[in-house]
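To keep things simple, chains are lettered A, B, C, D, E, F, G and H as they appear, and every chain counts its residues starting from 1.
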Amino acid sequence: METPVDYIRKPVVGIIMGSKSDVEIMKEAALILKHFNIPYEITIVSAHRTPLRMVGYAQIAHGKGLKVIIAGAGGAAHLPGMVAAISPLPVIGVPIKSSNSIDGWDSILSILQMPNGVPVATVALNAAKNAGLLAVQMLAIQDTDLLDKLQEYREQVQQEVENDIKRINETKF
Amino acid sequence: METPVDYIRKPVVGIIMGSKSDVEIMKEAALILKHFNIPYEITIVSAHRTPLRMVGYAQIAHGKGLKVIIAGAGGAAHLPGMVAAISPLPVIGVPIKSSNSIDGWDSILSILQMPNGVPVATVALNAAKNAGLLAVQMLAIQDTDLLDKLQEYREQVQQEVENDIKRINETKF
Amino acid sequence: METPVDYIRKPVVGIIMGSKSDVEIMKEAALILKHFNIPYEITIVSAHRTPLRMVGYAQIAHGKGLKVIIAGAGGAAHLPGMVAAISPLPVIGVPIKSSNSIDGWDSILSILQMPNGVPVATVALNAAKNAGLLAVQMLAIQDTDLLDKLQEYREQVQQEVENDIKRINETKF
Amino acid sequence: METPVDYIRKPVVGIIMGSKSDVEIMKEAALILKHFNIPYEITIVSAHRTPLRMVGYAQIAHGKGLKVIIAGAGGAAHLPGMVAAISPLPVIGVPIKSSNSIDGWDSILSILQMPNGVPVATVALNAAKNAGLLAVQMLAIQDTDLLDKLQEYREQVQQEVENDIKRINETKF
Amino acid sequence: METPVDYIRKPVVGIIMGSKSDVEIMKEAALILKHFNIPYEITIVSAHRTPLRMVGYAQIAHGKGLKVIIAGAGGAAHLPGMVAAISPLPVIGVPIKSSNSIDGWDSILSILQMPNGVPVATVALNAAKNAGLLAVQMLAIQDTDLLDKLQEYREQVQQEVENDIKRINETKF
Amino acid sequence: METPVDYIRKPVVGIIMGSKSDVEIMKEAALILKHFNIPYEITIVSAHRTPLRMVGYAQIAHGKGLKVIIAGAGGAAHLPGMVAAISPLPVIGVPIKSSNSIDGWDSILSILQMPNGVPVATVALNAAKNAGLLAVQMLAIQDTDLLDKLQEYREQVQQEVENDIKRINETKF
Amino acid sequence: METPVDYIRKPVVGIIMGSKSDVEIMKEAALILKHFNIPYEITIVSAHRTPLRMVGYAQIAHGKGLKVIIAGAGGAAHLPGMVAAISPLPVIGVPIKSSNSIDGWDSILSILQMPNGVPVATVALNAAKNAGLLAVQMLAIQDTDLLDKLQEYREQVQQEVENDIKRINETKF
Amino acid sequence: METPVDYIRKPVVGIIMGSKSDVEIMKEAALILKHFNIPYEITIVSAHRTPLRMVGYAQIAHGKGLKVIIAGAGGAAHLPGMVAAISPLPVIGVPIKSSNSIDGWDSILSILQMPNGVPVATVALNAAKNAGLLAVQMLAIQDTDLLDKLQEYREQVQQEVENDIKRINETKF
């Protein structure tokens, strides 16, 4: 079992994406993890252009201390499913509406429709922010402090809605 | 913090579904949890027919010791997303191709396309088995014994493929 | 039973939406109600970010005198269906093609495909104007003056078409 | 204004459908109205095979005392929209997955996607039961007894869920 | 039977559309008819905003000498099908991708999926030019001069392709 | 110009289909033509398996006296469009939901979405009967007797609806 | 370079599939290769259940003498694309409509929509027979005998159509 | 059999497209062939506007020394399938999202869903680059030098990913 000190130093979430063009979307996951003070690593792992790098990444992920993997990809998006096939860690898949994509349907179905035995926790199209939050929720399963922070975060979100409500109440139509 | 004894007695995964007709699908999640010796509860919570029961279920879920919620529903499937909106626990959504469904598209999109701030970990259409496995993976984040069992399970699955391979190799076309 | 004076003072239609970004679309409903001199209230009620506010809104809606609820939402749009599950009032759902949406299919199916027992009167994508008109039609069921006004409104619409016809008849191709 | 006696005798809801093959679906609306003791008429009005009968039906509907029209049709389903274009009454559209239909998509889009100015209150595919309930909700806007009955109906539905819950709680997996 | 003189004076093709915003698309049909020297009329006939005008137009169309009707509409596009239900003339339907439309799917399915007994000759999305050509082909069934002109037109189109071929053959990549 | 005697002897409508498995659908077109006493020929012309036969068929179609071609095909359905590219006659396309088809979407889009310059008059999925009626309408453009027969046919169809109406009026729910 | 004798002994086409349930579809490819006397091997290689076996298979495929790989899979079908990412051989992908599939859309998009750099030659849904023929065409690029056999095969197919034509010509409707 | 000299002089890949507007997409295939020093020809062959030119092109393609045909088209894209029906050469189809297209679905299904007996090797929407690579792979079946070049090309692609990885590793979020 890791000591708290290790926990601080080593990344516990791996954020990977199929192409550098996915960074704009995937950095939302990083920002959420940063907000919750969770160490993460972020890199490019292309299932199709660097398949052996992908296999290697997935094989050693849990051994090097990662607890959750967030994988984003567009088009025929094989990265999340292939990493889930190799690593025993929970894999969160982010379908990305890339320029090659058919309105995002290809990414969604390629990531979501995994066969029995190999789940990918799929979030909405381009929803890297939700992928980050889901990773936090998974880590909070045994970490009540983190759970408390999640509740606070939700209250902040709710407060923002309250502000929007005030503004709309003052609007004349 | 819970003692190991509590852990054995109290369910850590809640499996809920919108209608009794979903039991045939959702019991696959229960069987996986049983296989991994993880205590679970299974019941019907209808977002549309028993909305206040749903709110209550989601509100007390983490307080009573649940760590993960698996929610299955068909058609305009609001159960997973609404429970995710109320509970801080990770929620795994199982889109179900019910008789009312338009080839499952309605269930998939209603569960998957959650707005930023409220993720649902969506699995494939009818893939309650994968929902169960994903719950096990989440619980294994801090439980190395469970992680080992997951690896064993995968090896069994792989062994079954090996058997299929032998059979096909002996087939004449 | 309400006196006419109460009727003037208190809103009879509640217009709600999931996010402030929906205001541009949903104000069309307000403008129609204003045109027909029907008192309304308009606010933000997020099923996912403020679930308990949503439950509260739906629970007291008919008690405080609302007769119809118009609810607009995008993506995995649970607001109309959840309000319909709690309130006995007729709920009109407006699917909104938000930036998160997959061409609007997710909003449409999440709102339309409600299970038996809990109807939502769904209108076209982004058609808040039609939601307003449908609310007027519902209120006109027992209000012949309002029915007359609806007929006048239709004649005006028809007159606009007549003007368009004149213009096209004078166009040379 | 009608006396209560007239009310009992004359239908207030008109249920129409495009073809005799739609009866199996549309009778669900009739059964709901019967349950709530609301007088209705049910007949076939084909937009495509009897267009003038359709125009006539829509023109006199409100004059003869109807308050709501429920119209079901499959394929290129023009009946609900055309009746809504002619009658000032609220029209509830039921998309039907007929044998000619492409998985119901044609019926849904033909009924739902009405232009601004002419709403149709669309319910889910084949959801004639919900069309009936929506008609009851519209009539209950000014009829508190009917509203009470609706609440009772919901409690019965909820009670059925409770029974399902008991049964599933006793199931061994 | 008409004399040649009548034929020249009176329009033989009626081009109608649901809204003035459709003119930009539908004028392509007019330009083709003009090219082939076929007298036509063009106007707005809205199935939903001017339903009785539509019925009237369809009822007298063949009596006043029209031989073919071209009808364009977007969204829940009922105009072509309803005119085809009333008039015995062949009706060519042009699905229009209007601003309200869901990528054109609603217009296509509303026009194409007519029930047995009432055909609409549907052309591609926004393909008013093809609607014009199809009308010419129908009129050329008994008019060999027109058939000859159609063949010439095709040869011109082919010649344009030849020019494009020359240009691409000279391109360096 | 043909004499009436030639007209009786020679087929004026050519019904072609891509495969023998399409006969069950396409014979509906033949039955309609038989009903209206219009001579037709029916045969198999496969765009993909007999491409040169297809070219030949399309090249001589109008020369041998055909006035209209009805072409049915499933999957990637190229027959109607290719015949329309070669023959100057109006071509009616019947998308067929074959066993290879993806719910008919492939057939519909392959036939409907023809480029500008080469129209195909597309009817609904499997709607060979409507293809037959559309051919009759095209031939009736200059044949008032045939137009009268079409009107009679419609009255018969309407009479059948009247019978259905009587039956439903006597039904108890 | 291989001697003719080696060529006879060693398989030149590898047929792989994700699951034993795909055999019924994929054996069609084997039967075509057998017909053309092309040595092949057929086995199960699951991208998700045996990922390392898949990597190994793809890595040594061209070294052991395979010239073409045919890969069939259903649902989130990653096998063809992943093998294409590792092996330099041309990979033919067969989307399979498995029981888990959403009408085959998931398999098609997962196989077809590969990013630039890694092509998969995708054939129609379930079209393993065409995958076999495409492999033969690829091998015939430098083998004129095989090309001649392909032409003969086509003539046989054409002859079967001729027989169907005779039969339909004798049918009375 | 060709001598090496012939091989250098005569094109071995024919790149054809339905319209000059497709050049921007299709030139990507040409650039790949140029990169691999494979002689090619590129021209416009419209299935619908120049059908006989298409037949001629396909009939003589293999006779004049072409080994592979790459055909791109949009909308109801018949060019790849029709050329595949006439020529015994392998045909690679490139679905193009033209301005007429419905999000590319029409092009994809028209090219992909070929019936048994006539395969088209379909690549992703607009993926002319992949079509070029697939042609190279087919030619490399018996040309080990070309196979080596393909492997080098892949290593270059992989190297580019490595550079992207370095850049993302230095990015601060």
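Operating definition for what follows: contacts are C-beta pairs under 8 Å (C-beta built on N, C-alpha and C of every residue); 3 or more make two chains touch, one makes a residue touch a chain.
Please read these numbers as outputs of a predicted model, since none were measured by experiment.
Participant: Going only through chains that touch each other, how many steps at minimum separate chain B from chain G?
Facilitator: 1
Participant: Between chain D and chain E, tell me the centre distance in angstrom, where each centre is the average of that chain's C-alpha atoms.
Facilitator: 36
Participant: Could you grab the centroid distance between chain C and chain D? Build each centroid from C-alpha atoms only and quote it in angstrom.
Facilitator: Centre-to-centre distance between chain C and chain D: 19 Å.
Participant: Going by the touch rule set out above, which residues of chain E reach two or more other chains?
Facilitator: Residues 19, 49, 75-76, 100, 102-103, 105, 108, 112-118, 124-125, 127, 157.
Participant: Name the touching chain pairs, would you?
Facilitator: Between chains, contact exists in these pairs: A-B, A-C, A-G, A-H, B-C, B-D, B-G, C-D, C-E, D-E, D-F, E-F, E-H, F-G, F-H, G-H.
Participant: Per the contact definition, I'd like the list of chain D residues that touch chain E in the complex.
Facilitator: 18-19, 47-49, 51-52, 55, 74-76, 78, 81-82, 84-86, 100-102, 105-106, 109-118
Participant: Within the complex, which stretch of chain D touches chain F?
Facilitator: Its residues touching chain F are 19-20, 23, 27, 30-31, 34, 42-44, 46, 49-50, 75-76, 100, 102-103.
Participant: For the complex, which residues does chain C have touching chain E?
Facilitator: 103-105, 108, 124-127, 157-158, 160-161, 164-165, 167-169, 171, 173
Participant: In their complex, what parts of chain E are in touch with chain F?
Facilitator: Residue positions touching the partner: 1, 62, 67-68, 88-90, 92, 108, 112-125, 127, 129-131, 133-134, 137-142, 147, 150-151, 154, 157.
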